[in-house]
Each structure stands twice: as C-alpha cells, then as structure tokens.
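Got some structures for you, see below.
Consider the two complexes below, in which chain A is the common component and chain B and chain C are the respective partners.
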Partner chain A sequence: MPARALRITLGLLVTLLAASFVIFGAIYAAPGDPAAFLVGGQEDATPEKLAAVRAAYHLDDPLWVQYGDWIGGVLRGDLGRSMQYHDQVADLVSSRVPTTLFLVGYSAVLFVVAGVALGVLSAVRGGRVDSIVVAVTTLLASIPKFVKALALVAFLGVQLGWFPVTGAGEGFGDRLHHLTLPALSLALGELAVVSRVTRQSMLEQYAQDHVTVARAAGLSEFKVIRRHVLRNALAPVVTMCGLIIASLFAGTVVVETAFGISGMGSLLVQAINTHDFPVTQAVLLLMVLAYMLVTTFVDLVHPLIDPRVRLEGSAA
Partner chain B sequence: MTLPQTAAPPVPPVPPVPMMSSKSAKPARTWPIPFRIAAGFLLLTATLAILAPLVAPYEPDAIDLNASLALPDGAHVLGTDQSGRDLLSRVLHGAGPSLVAPLALLALASVIGIALGTLAAWHGGWVDALVSRVTDVMFAFPGLLFVILIVSVFGDGLTTAVIALALAYSPVVAKYTRSIALAERAKPYIDAYRVQGMGGFAICARRLVPNLAPSLIGYLVLMFGQVLMGMATLSYLGFGAQPPSSEWGLMVKEGQAALVQGALWPALVPGTAIALVVVAFNVVGVRISDRLGVRER
Partner chain C sequence: MVRKESDPAKTPLDAETLLDIEDLTVELPGVGARRPVLDAVRLRVDRGEVVGLVGESGSGKSTAAKAVLRMLPRDAHLRGRVGVAGRDVLTLNAGDLRELRARRVAMVHQDPRSSLNPVRRIGDFLTERLIHTLGRPKAQAYAEALRLLEAVGIVRPAERLRQFPHELSGGMLQRVVIAAALAGDPELLLADEATSALDVTTQAEILAILREHRTGRGLGLLFITHDLHLAAAYCDRVYVMYAGRVVEERTAERLFEDPRHPYTAGLLACTPELGDPRPISPIPGRPPSLDDAFPGCPFVARCPVAEAACETWLPVARELDDGGSVMCRRTDLDHPAEKVRR
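Up next is the complex of A and B:
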C-alpha cells in the first residue's frame, strides 16, 4: 500500500510540474516579444513600459530560471501581479474561490443524489423505466452546458421567475437560491454516466450468491437492495463520481459566464479577454491542480472503499 | 484458428432481399426508426447548410431595427434578434461554419492522433513512453482548459480555435489508436509482411492503419458530437467564431442579452439547433460504431 501511494503521489507531482511548465511556457509560444504580449498588445506600450515588464518578469533570464522563480513564488502563495487590476493575483483569486467551490459542491450533491437514485431505479425496475432513464439522461448529456444554462434561465428564471438569473447571492440560503440554476446546468449532463455506472454495478451484484443468501434468509427486498446490492455496488460509483467532480471545475468556466457569477471560471474568461496573462496562468494552474488532486485522491482512496482492489494493487 | 475450410458447414440460405444493392452477401440489416429520423435530419441539415444562400428568406446580416426582437410570425418564421436580423436566415447561414469547423478540426485531430498512436504502438520503447507522457500531460487539463490556454496566447478567431481544439482532441485519438494498434500489431499477418521484407512505415501506412480504419471511423463518428459541442462552447465564450458570423455558439452568446428582456428566441433557436444536431449525431454515431465494431479500450 505505501508503495502504491508513493507511486501515485510521485506521478501526480511529475504531471503537475509538466503541466505548470506548459502553462508558464505558453507565453514563449506566442508570436512576437513576450514583453509586448504581457502588456496586452496595447498600442501605447512605450519602451519604458516594456522595459518595466521585462524587469518585473525577469524576461532576460533563461527560461528555466524564470520558471523556477515563478513556481517558487507559487509555492509561497505569490501568484504575481495582475496586469489589469494591479492587485495581487492571489487576492483576486482567493476572493473568488469560495463561490466556485460552493457551485461545484452544490452541483456534486445534485448529480450524485439524482444520478444514483436514477441508477437504482433503472436497476430495480428495469424494462420501460430503464429505457426512459437512459433516453432522458442521454438527451441531457447531448446538450451543451451553455444551452442548458440558458434554457433554464429562460424557463425557470425569466418565464416562471422562480430563480434569479444572475449573481451568486449573499449568505448561505440566498447563495443556494442563486446558484441552483448554475448547479443544475453543471449537474444535468453528468446524470447519464452516474446512473449507467450505478445500474451496471448493481446488476452485477444481483447475480451474486450473497444476494441470494440474503433473500433466502428472509430479508425484505428493500433491505436486500440497500444493504447487500447497493452497498457492494458503490465502489465504481464513488470512483466515477470523484472523477466527474474533478472535471466540474473546468465546467464552471462556461456556467459562470452564462450566469454572470464572479468565480474562478468567469475570472479566467475575463483575464483572457483583457490579456491579463498572470491571472490566466494562475487560474489555469489552480484548475489543473484541483483536477489532479481530486483524481489522485480518488485513486488513493479506491482501495479503502473496495478492499478487493488491494489484492490487485499488491500484485502489481 | 483460421484453418482453410475444406468442408464448410452448410450455410442456411439467406432469404432473398429485394432492396440489396450491396455486393456483400450479408443479410439485410434494418436500421431502427430513431436512426432513420436522426440520419434524415442530419442530411436535411447538411443540404440546408449548402443551400443556405438560396433558401434563406433574408440576408443573415440584414439589420431591421423596426423589427427588433420580433416574435415568430409570417414575416420572420423564427423571429428576429436585437438588431432585427431574421433568426431563420442566420441559423441557416450559420449551419455551414457550425458543421464544417468541427469536421475540419476532427480531421486534423485524427491525422495527428492516428500518426502518434500508431508510432507509439509500432515503435514501443522510449517513443511509446514519450508519447504516453505527452498525452498524460495534456489529459491533466480537464475539459477545454488546454484549448483556452492556446487561445489565450494566440488570440481568438475561428482558425486558432480549430487548431487548438484539434491539438486538444488529438491525444484522445492517439490513446485509442495506440490501444487497438498494439493488439493488431501482435497478429501474425504483420510478421508475415516483415518476413517478406516490407518496411515498418509501409506496413503501418498500407496494412495496419487501413485494417484499423473501421474501428477508428466508428470512434471518430462517436466523438463528433463532443467535438461539435466543444467548438460551439468556444464560440459561446467568445474565443471561436467572431461577428458578423452566425456560427450557432456565437448566436447563442449574442442572443443571451435579450434573454433577460424576456425575448427567448434569439438564444434558444441556435441553442436548439446545436442540441438537435448533437443528439442526431449521437443517435447515428452509436449505431454506426456498433456496426463497425468499435473495440473497447
């Protein structure tokens, strides 16, 4: 086990370093002078301004030294200074992280609860119910997030007036109210995979002897399903949900833009539109970090949920 | 296992099929109703995209401020946007870029991906390790973040978006190609060509990849819906097609401002168009990839 954990953690570090290098090195792929790029292609980019940027970013140092400086700063929590707002990027970002985390968490609760419920329904009822669940969830997965977002705004927001259509709200209750539609538009597309995995995993359990034994022992069908089928079927579901939650961070880019929520995702879009490269770098790095951390965490805890994996792990 | 069949077991006679024009002697396969509807819809969309200049009732950028945000009526079948531009005409004209851009980027992604995947599987060793590490790093960027990084550096616009998306999707193709090429490479016929003195490149280009083609095409057809959504999303964020194009993602973006004024059509008409095409492609794609026998990774 420790060997496996060490290997996974090392893999995470190597991938993170490589990804951060790609994010940092991207400015050198841009056509022209990096300094001109960093001032955002402004026409009033005076030589003094260019020189200031060059000094601030140590652009005359070799690439590896610059990267080392940047990543060293990142590790100390110093993400540089925004070109647009002239604030510390770290302050800018940290004011927006809570909203995005709330959105991702809310959305995760929605798709896990609804997805598992639909999967159980499909597995238990089968037949027509199963077909309907498949058809509806597949349809929802085939509609882009921004279209779902705007459809929800149009019908539940503007037409019925049940939910506010912009902003993130203040306080817990208000925030929950404001972020319901955004969380729904993030969550709806993930129901298909979660319900499929739940159903498949449960059907595999149904065929096992221990379920037959439980039934023979006279347990009610509800208890058989809850204690024996669902409990044993959970491992792949938890893994899949973890991976989806990791990918939700990237989905916030679209949803926050659609709903005008000031979180990490909309910050990224604004930063690109205003050529604010330090902010772009920081947000991309944090999103990749969040994604990699969650996927690695899922990898690490997988054997704890499903002890059968441990055996395979030790053999490898 | 493929012994020469000296005494083939008697095959039950295939019932005569009147509509079969194919030269293969396989039994006729009926396509289910949803597949036919979806395929018909896609053909119709493609035809309309080509004929848009002829069938569209208005010019896509004809501004008529008197008819701003008109609801659907006789003059404007699907209503108008804020500037009074006819939504039906815009959607018809937008079908071209909305469909061709994903097609182009998928073609580019498959050229890069198939080449890298085959190279990795064929060469093995450090080449394989290198390709795998590079794809791993690209997989570290969830969703469209890698594309967004490229766009942030090279500026937005349809061409940049197409190239960026192609680069982002090519590792997916490479990974799949590698997995099926590894299995194919182990087959005896490849060794037979080697023994005959055929070069590695020739075997890959002329024998191995063509033999993988059915699986690859099935896989790419399945990917198309995803790719189309990616392209539309990028345009919606403002990084893809630029005004005055009426690419559908961009139309949704422009229509969004009218939404809070209570005008639903400008955003929902192009949004529905995207959703319908993606759904139709998924229905068609699943069936086609089934028939072509896409192998599990």
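Up next is the complex of A and C:
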C-alpha cells in the first residue's frame, strides 16, 4: 500500500511538471506582448520603456531560462507576482479558490443527483419516460452554457426573483443562494451524459442472472434495483461523473464571467486578456491539478465499488 | 390404458401435495419458435418427496422449474395451473408472489457463479432473503447463515461470509447457493442441476443434507438433472421430459428396471455400466429445438421402434399398471429397453 501511494504521488508530480511546461510554452508562444500591457497601452510606449519593462520582468530571456525561474519559484512556494495587480499570485488565487470549489461542488451535487435519478427513471420505466428524459437532457446539453446562464437569469432571477443574479454571497446559506443559478447552468448540460450512462449501465445489469436470482428469492423490485441493479451499475457512472467534475473547473470560466463571480474562472479570463503571465500559469496549473486529483480519487474509489478490481490490482 | 385424469383426491387443498402442475403450456413468442416450450406438462411433488426431472438440454426442465416461481419472460404465454400449497402461482398478485418466493419455494439456479452478485459479500447473499424479505434481525440472520454454511460443509464459514464470490471456487459457490436456498426453511426446493458441478463426494454430502431436510421437516424437492442414474438412485419418482412434454412418469425403481418410453430407455443406454459388455449406444439425432414442430410424436425421428403411425399419433399420457404413465403409442412393447440396446 505505501508503495502504491508513492507511485500515485510520483505520477501526479511528473504529470504536473509536464503540464506546467506545456502551459508555460503555450503562453510564451501566444500572440501579444505583455510589456505593451505593462506600460499601459501601445500608443505612448517608447521602445526604451518597453525594453526596460522586458528587462525588469525577464521577458527577453530564452524560454527555458524563464521556465526555470518560474518553476524554481513554484517549487519554493512562490507563484510570482501578478503583472496586472502587483500582488502575490498566491494571494490572488487563494482568495478565489473557495468560491470556485464551492461552485463546482454545488454543481456536481446537482448533476450527480439529478442525472442518476433521471437515468434510474429511464431504465426502470423505459418507453415514453425514457424518450422524454433523452429529449429534455439532450436539448439542455446542446444549449451553450452562457445561453443557459442568461435564460436562468431572465426567468428564475429577474422574472421570478427567486435567486440573486450576480455575486457569490457571504456565509454558507447566502453563498448557496447566490451560486444556485451558476451551479444550475453548469450542471444542466451534464445531465444528458450522466443519465445515459446510468441507464445503459443499469440495463446491462438487469440482464444479469444474479438479478433474476434475487427476484426469485422474493426481494421487492425496489430492493432488487437498489441492491443489485443500481449498485452494480455504479462503476461507469462514478468514472463518468469524476471526469465531468474535473472538466467543470474549465467550465467555470464561462459561468463565473456570466454571473460576475470572482473565482478562478473569471480570474483566468482577466489574466489572459491582460497577458498576466504568472496568474494565467498559476490558474491553469491549479485546474490541471484539480483534474488530476479528481481522476485519481475516482481511481482510488473504484475498488470499493467493484471488489474484483482489487484482485486484478494485487495480481498485477 | 386410459388418458390420465386429474384425481379428485389430489385437489389443491390436499395438504400433502406441495406442487401440482396441471396441463401447463408455456409459449415464448421468439423468432422461429414453432412449438411451445412446455406442452401440457403435469407434475406433482408431495411433501417430503424427492421428484426427479430428467431430460436433455432444451427439453424444458428449467422452464418448468422457473414457472413454479413465475420467473418466465414477461411476454411468455402461460396456460394451465401451477398449484403451490393449494394456490395457483400464475394468478397470484405481486405481494403474494413475493411471499411465495420468500417463504415457500426456493430455487438453486444452474450456474452458481452467475447466481451471486459479484460486488456483494457471501454473507449479503446468504442473509438477503432472511433480512430483506423475512424481516429477521441482522444478528440472527448472520448466525443462521453461519450455521447453513457449516451444514453444507464449508470450512472457516465466518471468514467466507466476509469474502466476495470471486474469491471462492466453483464447488464452494455451489454449496453457498444451496445454503442460501435453504435459508428460511422453504417447503419446496427446486434444484436445477444443483450438484452437477460438484465432485462425487461433495455431491453425496449435499444430497445427504437435502435428504435430512426432507425427512426432518418434510421438504419437497424437485431435482432437475441430466443424470438419469443419479435421479433413479436419489428420487422417489422421476419425470422424463422430451421436447417440452413429460414422456414418462414412474417411480424411480420402476423407471430404472423397466423404462417404457424408448427415449428413457435410450437415456439409460447412454451411460456405461460396470460389467456390462454391451457397447454404449447414444440416442441418434439431436434434441429438437424450438423451431422443430411435430405433427405426431416428437421422438419419432430418433426412435428405434417407431412405426409409420407414430408420425401422426398425437401424444397423450397413458396410464400404466404400476401407477406411472408413459407418452408412447407403442405401449404394446413389453420391454422397449431391449429394442433400444442391441
């Protein structure tokens, strides 16, 4: 077990390192000159001024030197200073992380609960119910997130006045209230995949002999479904939900901007627009980290869902 | 030789009759199905009786057992009556049907490995019926499970309860499945090839345990097997099925000594016996599938004593002097077995 933990941790670190280099390289190669932004607009920038700024921020160094400087700082816990806010990147990011985590968590709860419930409904009832679920969830998935955000704001926010349409709120209850619409607009599009995977996986389980055996033992249909069909159908559902949650971090970019929430997503948008290298790198790196943590967690959970995985693991 | 009539003494309210299947016909509307899976099957199991059900694969043995629990596909057409302790299973409402499955009738299904949920522990499987349908307290159910595992000869039963199906061998799983079927003391046990996967010593142990339940508390046993010799040795009465019909019903002793249906005789001739110099003679041809329909006797193509009239003879059960019945036109033959074995 300790060997396994070490292997997983090492794997995470190597992936993170590789991702950091790709991110750094991509930003370096992106068009636009950060120095121009730093001096405050292209028109009044003299070449001397630009050169001075470039020197101050080491922007003229070759890629690998800049990367070395940056990654060295990251390893020492120093994410650098924001070029835009002249603030520690770590402070900027850490003040925004809780909001984004809350948003992603909230929306994950929504799409997991509703998606699995719809999938179960589809599998158990079939026929017309199944068709309706497919139609509605597919429609929701095909509408872009920002359009859903606008529609939710228009109906639930403005017309009915049930939810605030901007800001993240203070304290748990208020935050829950404020983040409902953003979380909904993130979650609604994911219902289609989750409910499909749940339905498909359950239908496969329905055909298993042990389900028939359980029914023949006089178990009520509800218990047959809960203890044998749904329980055994969980593995692909958990994998899919994990992947979706991991990708939701990227989805916050749109939704946080649409709802004016100051989280990681909106920070990333601002940082990219202002060529704020250190912030962009830090946020992207954190998103990669979040993705990897979620998928690793799903891998670790798998043996609990299916004991046969444990056997394969020990044999390998 | 008259057509077998249902005896008024064996009315559904007779307490001694556990299972009474009357003229059960099952049709599965599958692609190419041209005959019923079961055709007017009559079968009776009394309290404390071991009844064998024998036949080649596809003869309808498992379907007959599943019909007792009403475990057939939803689109199956059923006619006739399946009486269990006086009530017709085919007309029970959902609640009564669950009650019947939980308390009265248990089934040991063919393949033990696929009978168990792979992600649940052995203990869950054994206690499921006790806890979730009979409402026993957990501790009591686990104590019962432990006792049952011990009874079927599993070593270190407490440890097994915490294991998963994939950690047990096929033989052990077979015992687990039998133990689970005995949980909650059912009145009737449908054993579908329950001991076929076991080695002979284990098989003997299991059969002895089932016999204890039978003598101890009057368990009725429908013992489905393809092994006619085992059936003849273990059962009180034996039904032989062919192409969805019961072609012969005899006491085990009489069946073995003097099979009256050429098919039964053929089955007996298939297995070699010690000291018997005669060569093994398999039944020619193949078992009929569902898309084979027959205007007359279904066995005619494989029958060594068939006559032209057999091809159009509508099979009916004919009563024999010893109380059994046979579904053969040629009851004039004294010993069809001799004609089969050459």
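Please note the rule applied: the second predicted complex is superposed on the first by the 248 of 316 C-alpha atoms of A that agree within 3 Å, B and C clash if a C-alpha of one lies under 4 Å from a C-alpha of the other, contacts with A are read in each partner's own complex, and residues count from 1 in each chain.
Just so it is clear, a residue touches a chain if its C-beta (ideal position, glycine included) is under 8 Å from a C-beta of that chain, and two chains touch if they have at least 3 such contacts.
Fair warning: this is a prediction, and the values are worked out from it, not measured in the lab.
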item	value
Clash or fit (per the criteria above) of chain B with chain C on chain A	fit
Partner chain(s) touched by A:W70 [first = chain B, second = chain C, both, neither]	neither
Contacts of A:T257 with chain B and chain C, given as first, second, both or neither	first
First (chain B), second (chain C), both or neither touched by A:V213	second
Touching partner for A:D306 - first (chain B), second (chain C), both, neither	second
Touched partner set for A:Y57, first chain B, second chain C, both or neither	neither
Chain B versus chain C as contact partner of A:F24, first or second or both or neither	neither
Partner chain in contact with A:F146 - chain B first, chain C second, else both or neither	first
Dominant toucher of chain A (residue count), chain B or chain C	B
Partner chain(s) touched by A:Y106 [first = chain B, second = chain C, both, neither]	neither
Following superposition on chain A: angle at chain A, chain B versus chain C, Cα, nearest 10°	90
Shortest CA-CA distance in Å separating chain B from chain C in the superposed model	20
Chain A-touching residues of chain B, taken from the complex the two chains share	133, 136-137, 140-145, 148-154, 225, 229, 232-233, 236-239, 249, 252, 256, 259-260, 262, 264, 267-268, 271-272, 274-275, 278-279, 282
For the chain A and chain C complex, residues of the former touching the latter	208-210, 212-220, 223, 227-228, 231-232, 305-308, 311
Chain B contact footprint on chain A (complex, rising order)	15-16, 18-19, 22-23, 26-27, 29-31, 37, 138-139, 142-147, 150-151, 153-154, 158-159, 165-166, 246-247, 249-251, 253-254, 257-258, 268-269, 271-273, 277, 280, 284, 287-288, 291-292
Residues of chain C defined as touching chain A within the complex	69, 71, 98-103, 106-107, 109, 111, 114-120, 128-129, 132-133, 164, 166-167, 180
